């Protein structure tokens, strides 16, 4: 019998995200957990997953995780470094990106994302950093993986500000704006995975991480969360996944 | 195009080319941020500036906290990998030290505003801002229809700064400028501006070819200033590495206005050895 | 983006990726014109192609004279420094060997059509074509109004070739491509296309940095073909010089259809040693 | 007494054009006579005249005249080589070019230029190469110098096709299209110089080359040509000008 592995919620999220990436995929990555997930995928089952950061570094192979999207190692290990007009216009907008990762401070049931402001825009309660590359990643990448911590402050009935469009008001409302990309296809939290219902586009819980209960998930959601008919159990992190991830992170801390 | 670049000092260049009320772009996407030039703007007490950067970064936090800015045009206003820009937040949330107007883009939007500015066009076009609330709060974004397909896209008004300031690795003796590594939006920011000034790590006789490098013609600059380390705490690839501890420490320094002011006094206004 | 570049032969690449009726761009602004690939298109007898090049040059004169084209999109159709393209003129003026439709831009217009195509936009904007008669004869140019200033500008419809073919100096073993010298519109022509193929002078283990160089990612190419001298009689900087006597001689060769056909038979269709 | 110099009509045109360029001017140059003129200026009174060819070579210093705008020496001796989108959008359209040179197959009294077609567009008598960079040089450069041979086939009452706008229908018609650049300020032929009247914008003969008569000029013009009140005489080529020009051209032939 194998010994039970211990791991953190962040590790589970990162590993769940990495598992969704496959070889040859072209991934638009941000700093933090998405960057860790993409590099974990590269270190394990998807060595030919191509990473691009919005700083214009294409096919970059950092040995440790960058603190900022502009860290020198990203450009030194890149196949090509391009300017910002090129990365946003010729790569992202032109539809060459398979998967974009986005985080947010708030998400609603249709996976619309807020990273701009809590409270009214003109009288903010909390002013957040703002849009960055997110709005165009949200519409330019073929599909979006959202990664964020789930609680009632983040999973809200209505976001205070739509920074990045998810499925707008559900149904075909996204397509009706003339947008052909899929938008968020999965939301990864420390509790499980949520995916939009094919018709209504409302997020449903489809996967539960090990040891998490449905009650915990519902309690961490600011609306009445739908549960998929066939709810799956996320396989726990493997020894290989955990050690590869911890290896990347220890190089980062010591770097 | 007839005034050629000339070598200058930072104090002269800022005095001659940046005036109260100007629209000033300081570009460099995480890499090559022109900190020293920004500090000289603070030391000379410039006021009422409209500041433009995709990522305001600590340099705008410092300029805003010291009261140089009346407006910021930006697209992502955080301390990368760390958290908030506390001085900028206090100006937006509480009007301290003075009210700060903001004009907020996405990266792609502001990038295309620079591209349009560099190309002498009044606007740029992108498939962006769609479905977002940004468009409601930004008068410089409008819907435009493709005359061939009828598709609705976004138009973004060009930005044309009075002055753009950048930092680069090298100039040659004629004043041509070379940068390499992450080259960001510097070319467009320089070419969109009425005037441009550049600080460089060093002057070389001849540029050695480099991967991912960019040469900007001497014809584009009013002043070239040799300023080694001029992008610290960001970095100049080949010369320095990013000072991540500075970025992390900034969170504590900037959280409180008094601590911030005393830090600025010691480190920027009258630093030891300056 | 999942199909990666692979090394191939010219006959395979042309057979697999260029089909009768396709819109095909062969770019290279005087420098690095993909002649060998063009000749393979002729040898394989491709028909009804819509051909796009800023400067049709001798390669389009040959393709048109051999009956491969039904339409040409271009912006300057001469023999540089010499005179006319006689085969193209005969097709336009007399419909020989078959009628040739033309769509005529200015360089700036066609350049911006490629830029829009590369950026995935349906149109590009320029301050161009104004006061000219070109606009009357080109359905792909329209007036567009700036939503901020009211200024009237020109919109040009994007070009998105089915296939773009270029020639470059080097590929690395992964299939990344490097070109240097006059880089023209190749990046945009490649990125605007559904498929792209590239012929290169040689394959190297590592790219050596070069001034004025450009690296195009392996992700952009369906096929990479080693074709030394593939741009003759144009040139590949660092490998060959422009064969000016060939360009001068072409005037005599191409003036008469019979002379042209016999020259093509000897030099392109079944050249000695091929 | 100095000996009379002999020179060709092309040499006179080239030297007259070179004289109009000054140090520090940023000149957009084409192949042929304009290229010869700009390089002659560089070799004589204007060594710091900056040459750009539409191939994207900026600050190029060729030792001999290129046969095509893409010749290797243009890029090898350039300060910077940029892509075509950059040269046309960021340099020409952005208004950085002081002087553009244009030739043509036909010109009318308002200096509109035709390099597209003789006869109807759809049934051409002679199909010419077409526009190239000319239409946007004509509106993007601060001013335009036109160089062409003068005869009744080239100087016509009405051009068959406007490839590049000059002063359109005269008066303010150019400005009324929203164009702020000056357009053609001088036309150089083998007979003399013509400049637009400040108000009507109709071309007037302002300078006569040595040995040319007014009758010759009138006979070579397809409309009733106006003559400036103060008609000037072009100074003949100097020994220095001629030898510098011939030097450039002999390097070209032997190169």
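Residue numbering begins at 1 within each chain, and the chains themselves are lettered A, B, C and D in the order written.
Here is the rule we use: a residue touches a chain if its C-beta (ideal position, glycine included) is under 8 Å from a C-beta of that chain, and two chains touch if they have at least 3 such contacts.
If you're wondering where the values come from, they're calculated on a predicted model, not measured in any experiment.
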- [ ] Could you pull out the chain whose C-alpha mean position is farthest off from that of chain A?
- [x] D
Task: A-B compared against B-D, more contacting pairs - done: A-B
Open item on the list: I'd like the Å distance between the centres of chain A and chain B, where a centre is the mean of that chain's Cα atoms.
Closed with: 29
Task: Geometric centre distance via CA averages, chain C-chain A, whole Å - done: 40
TODO: Return the distance between the CA-based centres of chain A and chain D, expressed in whole Å.
DONE: 58
- [ ] Give the residues of chain B that touch two or more other chains, as numbers and ranges in rising order.
- [x] 120-121, 126-127, 151, 187-188, 211-212, 215
Open item on the list: I need the residues of chain A touching at least two other chains; which ones are they?
Closed with: 80, 89, 93
Task: Chain contact topology (line, ring, star, complete or other) - done: other
TODO: Sort out which chains touch which and give me every pair.
DONE: A-B, A-C, B-C, B-D, C-D
TODO: Over in the complex, which chain C residues touch chain A? Could you list them?
DONE: 1-2, 4, 118-121, 174, 176, 187-188, 191, 215-219
- [ ] Can you check the complex and tell me which residues of chain A touch chain C?
- [x] 24-26, 50, 58-59, 79-80, 89-90, 93-98
- [ ] Could you please specify the touching residues of chain C with respect to chain D in the complex?
- [x] 29-31, 54-55, 74-78, 80-82, 84-85, 88-89, 92-93, 104-109, 111-112, 114-115, 126-134, 137, 151-152, 181-185, 187-188, 211-212, 214, 234-235, 237, 241-242, 244, 247
Task: Sites on chain C touched by chain B in the complex - done: 120-127, 140, 142-144, 146-149, 151, 153, 155, 157, 207-213, 215
- [ ] Would you mind writing out the residues of chain A in touch with chain B in their complex?
- [x] 31-32, 54-57, 66-72, 74-76, 78, 80-81, 83-85, 88-89, 92-93, 112, 116, 121, 124, 127-136, 138-140, 161-165, 168, 174, 177-179
